[in-house]
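Next come two complexes, and both contain subunit A; in the first it sits with subunit B, in the second with subunit C.
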Partner chain A sequence: MTLIIIVPLLLALYLSLIDLDQYTLRRWLDAPFLGLKNFGEAFGSGLPHAIWISVSFAVLATVATVPFGIAAALATQNAYRGRGLVRAVFLVPYVLPSFVVATVWRTMLQPDGIVNTVLAKAGIDGGLWLSGPKSYWTLILVEIWAAWPFIYLMALAGLQSVDSEVYEASAIDGADWWPKLVRVVLPYLRGPVLLACLLATLNHINNFTLPYVLFGAPAPDDVTVMPMIVYVTSFQSLRFGLSAAMAIVSLLIVAVPLFVYLRALRLDVHDEGGRR
Partner chain B sequence: MSRRTRHAAVALVLVAGLAGCGGDDGGGGDGKTLDVLIGANTQYPREFKAWQQSIAAQFKAQTGASVTFEEFASANDELTKIQTSVVSGTGPDVYAVGTTLTPTAYSTGAFVKLDDETWGKVGGKDKFVPATLGISGPDEQNQVGVPFVSRPFVMVYNTELLQAAGISKPATSWDELRDHAKKLTKDGQYGLAVAYKDNYDPWKFVWGMSAQAGNPLVDGRTAKLRDPIVKQAYDTYFGWLTTDKVVDPAAIGWTNSQAIAAFAEGKTGYMALTSTTSAKALDSGATKGKWKFALLPTVPPGATARPAGGVEAASILSGDNLLVADYSDDQDLAFQFVKLVTDQPAQLDFYQAAGNLPANAAALRTLQSDPMLAPVAQAAQKSVATPFTGAWADIQLALTNVVVQSIPDLAQGGAVPVDARLADAQKAAQSALDRAK
Partner chain C sequence: MSASSEAHRLLPRPLLVTVTVILCAMVLVPVLYILLASLNSDLGVASGEFWPGSFSVESYGRIWTTADLANGLVNSILVCALVAVASAVLGTMTAYVLVRHTFTGRLTILRGLVGLQSIPGTLMLLPVFVLFSSAGNYLGVTVVGTRWGLFLAYLTFALPFSTWVMVTYLRGLPRELEEAGRVDGASTPRILVRIIMPLSLPAIVVSGIFAFLLGWNDVLFASVLTRPGTRTAAVALSAFGSTQEGGALPVYSQVMAAALVSAAPVVLLYLVFQRYLVGGLTAGGVK
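Right, the complex of A and B next:
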């Protein structure tokens, strides 16, 4: 743990306090100590915009994937012919590597790509998906496509834990499908789906591959998420101290849902999951 | 915190992480191994591997030492390798570094500066094409890069379409190129293929046009991106699509390889920025036997001749330099390797294997007799170095960003408002220059 977590963390913290760039890299122990100046510069540059884009994108993507995930879990809960195949197909977006997903979508969303060609046949001008304001919604759309099976998996796991007696009892009580869903099934899913939401939000915020492959670097302003700005600052501008400060801020932002997650986990130990 | 305390604290933290991360610090000659970092060749991987094996065998015969080639996939991979090697003081002995990355590598101070003695070890400066030495260092006294290969940028044109349009020879000025492109644009045919979405192409146009008009974008420690010359360069570049309408509107989504592919369909007059590495793609499309390379225009937009102060920049100085790491214990061996691969036979072998032009002057002369290659060889000789400053990576990024953020306006047509974006680019460029040490 010391080598894998604490040492890199302390190093990142140290780097964020010094003027480390290509000129000082070689003698980095002698790099001028800046204190919090890198943090000041980070907040004075594009970081607040990147935070806003990252957080809003992550929350929207998570919120949008929940109905898809739950619906898919419900659709594959009961046994029927071909259920195994349906379950396998549902997992395809999740098991594909991120760069493959991004490359395929990038190809489809070209100005003269298949998406715009199909839309044009329906009399709709698709416009630009990979540049300008619409690129933000493209990022969310592709992220939803790639990430909803995670919610599905967690919801399905939650459904598996519902005792068959509960269904039988509600059937004896004459409950219709809607009250059964809302009052019996969904309460069981609350715990696992909430945890899935927290984990998914963290994943969305940290996703670098998808925006990088979809839009390239430099990316349009509308999709300059936190991992992108850290990458460009570090590997294109070569300002390692400044990018370390940005990474520390990112870490703190990610730590908020992480804290909530850990707290929820602790609560679950005492509450036996969905039986609340 | 005192420096000593800081050193001690950080050294303590690092000691566990860096323990065991050793390098190969062998000497020269028998039983030694030289580690060479070189860019992967995705177009001709088998031929490239065969060249490496041949060079390794020759080097073994000459020195008794082995060579290990380590390949990197992209400039970013290489930069990461340089960073880790610079920090740890171990890693490859020789680096093949792209020309635009050479100023960054130089600014780390981790490579051997070349004096008369070291130049002598690799065969002397005279054996190289003079232009290729233009980005070896900031000045003649501070050079680190030995020219290895040249990849000058040129245009490619469709001979059949130009002939049909009554155009007898390719354009030599940007205005003439626009006029030719207008003549060529008709009936599902376009005059020009441009990769607006490429992350590397756009700044090369802007720098080239500006340098030809007398503004190389950097004057000492001052960025000059808000100069009207630069704005005119952007206006010309965007204007091909928005006002001249000589480019396929889909080009706003094209990378360089997509623009080449579009040109190879045989319905475009010119492809404005390519190199010899595109020959394979051109020969496998509808353009087979119908294309030729030509020099990029060297007269700036709005002019019929280069103004005073303008330079005949036919291309950025593009290719690879070889740099020897100053932490290497095998520097003599490294320079013997550099000599071997920059001598005429190895340079011509490398051209055959990978399609990169020789930086060796005698080797390049042997290729000029090939009429297909003559314009490329000429471009190699007329290439001009981009400003040698550690800030160039940021300036390049700022220039590209103007295009990236302008694409939605490009799609709308009409004039593209670049003033505010140029102001941002100027600020970023000047800030990078101010930080340069």
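Right, the complex of A and C next:
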């Protein structure tokens, strides 16, 4: 088990230190040793730009999905006729595979696609969605469409942990819905939603499928996220060593939120260890 | 009764209706368009119709010759089903050991199980690719481009996830059940097969289904580790979608039909196992 995790990681670290390309790949054990040169080259090339795009994209997408997720959770918490159907609808974008979501949006966002046709009827010139500076916002919008149900699920789980006595107490106090929401209900959601944000940000940063299928590889400069630049450097430019160095750097960036998440989770594990 | 349900109401009715309608529209309008476009003709979609001039299922018939979809679906099903079974079985056994025995490094492994799910796929792909291709160069075994290679690659991701799902479930099983079995003189494998597995069947199913979905939804590994004969539905669909652009008449209706067909197995799994799966979604945070 540990072997499966450790061996590839160590190998990736070694690859990042050697000059590995399509010629040396056949005999990679004999490839020349470069030391940290790959890392130097990575930072001199497009990597800092890719880091900026990835991180800003992930944070923006996460922040934007939170209101949708919480609103959806609040709206489906109380039972009403047809709620089951509404809940199923809310899960649709999440259940659809990423590559399907990306393919259909790519088709809809073509210059002569349905989105521009509808916009043109409203008198708006949609322009190009899949190339140029607007592609960055396209990526964020599609990610929001696909990812908000995750926040919804986590918020719903949080809402279900609220004691019904809490509602009754605040009802007796005659609290109006807004103060009740802000003072009584939302504090219960802070924990689960923060955890959801952390996981969602990690998922956004690591998302390769959406930009890859939406824009193809190599992607326009404005959507060259970290997984994209690593992929293009290795499997199109065939500079495997350089690409491994980039991948290691992206791991270090992901490690920050990941570490926070594991810390938050550690409590569970310890609890469990104590109980057994 | 009605007073109490009124107390539980979080949003005033008009707001609740507005929120629900907006969110449903946001989801359903694109989905409805996809469905309508797949039932339209390629010409109709290209001319920008939202509502088809005439309905036909022609696109669903054509995709089997224009796109490499049948082959892709067969490959996806074969590889993912195998990943699902292998990681559910191995994951259950690993989880049992992790839950019932204390040993040094146990906590590290548990944390590793969770951490591994967030390691960038691109980082794992490189060493996996180099290892697989050197198996070809040094040992003379072809791995890159075969279904077995893809199976192995997916297993490295699916197994930690399945194990984690099983760990969270097995922790909740009372030990007394096993101890009763042990008093009767049953061996550990026997306890595992006769007591643990039947009791944790729902969790085993969930961990298997998630392993299946992990493979089904992957594009990254499949785009590198397959050749045309072994490529998965995900790669086939992406390739089909992207080759339509710039042509004389893009067959967008067929793209939509192919997209829906590739999504169908996943949607079906969710519909059948919905109750179990939603809990698992929040537990692991993996799509």
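By our rule, the second predicted complex is superposed on the first by the 264 of 276 C-alpha atoms of A that agree within 3 Å, B and C clash if a C-alpha of one lies under 4 Å from a C-alpha of the other, contacts with A are read in each partner's own complex, and residues count from 1 in each chain.
The working rule: a contact is a pair of C-beta atoms (placed from the backbone, for glycine too) under 8 Å apart; a residue touches a chain by one contact, two chains touch by 3 or more.
Because the structure is predicted, anything quoted here is derived from the model rather than measured.
**Q** So, on subunit A, is it clash or fit between subunit B and subunit C?
**A** On the superposed model, which is not a single observed complex, subunit B and subunit C clash.
**Q** A:Val232 in the overlay: touching subunit B, subunit C, both, or neither? Say first, second, both or neither.
**A** first
**Q** Contact-wise, after the overlay, does A:Thr62 reach subunit B, subunit C, both or neither (first, second, both, neither)?
**A** Once the two structures are laid over each other on A, A:Thr62 reaches no partner at all.
**Q** Which holds for A:Pro220: it touches subunit B only (first), subunit C only (second), both, or neither?
**A** In the superposition, A:Pro220 contacts subunit B only.
**Q** Output check: A:Tyr261 vs subunit B and subunit C. Expected answer is one of first, second, both, neither. What do you get?
**A** It touches subunit C, and subunit B stays clear.
**Q** Would you sort A:Phe33 into first (subunit B), second (subunit C), both or neither based on which partner it touches?
**A** Only subunit B is touched by A:Phe33; subunit C is not.
**Q** Could you look at A:Asp21 and tell me whether it touches subunit B, subunit C, both or neither (first, second, both, neither)?
**A** In the superposition, A:Asp21 touches subunit B alone.
**Q** After lining up the shared chain so the two structures overlap, which partner does A:Asp112 touch, if you call subunit B first and subunit C second: first, second, both or neither?
**A** In the superposed model, A:Asp112 contacts both subunit B and subunit C.
**Q** Once chain A of both complexes is superposed, is A:Leu11 in touch with subunit B (first), subunit C (second), both, or neither?
**A** Both: A:Leu11 reaches subunit B and subunit C.
**Q** So, A:Leu128: does it touch subunit B (first), subunit C (second), both, or neither?
**A** first
**Q** In this superposed model, does subunit C or subunit B come into contact with more residues of subunit A?
**A** C
**Q** Please identify the positions on subunit A that touch both subunit B and subunit C, taking each partner from its own complex.
**A** 2, 7-8, 11, 25-26, 28-29, 110, 112-113, 216, 235, 240
**Q** For subunit B, which residues count as touching subunit A in their complex?
**A** 1, 3, 6-7, 10-11, 13-14, 16-17, 76, 79-80, 83, 86-87, 104, 107-110, 197, 199, 249-250, 252-253, 390, 393-394, 397, 400-401, 404-405, 407-408, 411, 432, 435-437
**Q** Residue numbers of subunit A touching subunit B in their complex, please.
**A** Within the complex, subunit A contacts subunit B at residues 2-3, 7-8, 10-11, 14, 21-26, 28-30, 33, 110-113, 127-128, 130-133, 216-221, 232, 235-238, 240.
**Q** Help me check something: in the complex, which residues belonging to subunit A touch subunit C?
**A** Touch list, subunit A to subunit C: 1-2, 4-5, 7-9, 11-12, 15, 20, 25-29, 68, 71-72, 74-79, 86, 88-100, 102-108, 110, 112-114, 117-118, 145, 150, 153-154, 157, 159, 164, 167-168, 170-171, 177, 180-181, 185, 196, 199, 202-203, 205-206, 208-209, 212-213, 216, 226-227, 230-231, 234-235, 240, 243-244, 247-248, 250-251, 254, 258, 261-262, 265-266, 269, 272-273, 276.
**Q** Subunit A touches which residues of subunit C in the complex?
**A** Touch list, subunit C to subunit A: 4-12, 16, 19-20, 23-24, 26-28, 30-31, 33-34, 37, 45-46, 48, 50, 94, 99, 102, 105, 107, 109-112, 114-116, 118-131, 133-134, 137, 156, 159-160, 163, 171, 213, 216-220, 223-224, 234, 237-238, 241-242, 244-245, 250, 252, 255-256, 259-260, 262-263, 266-267, 270, 274, 278, 281-282, 285, 287.
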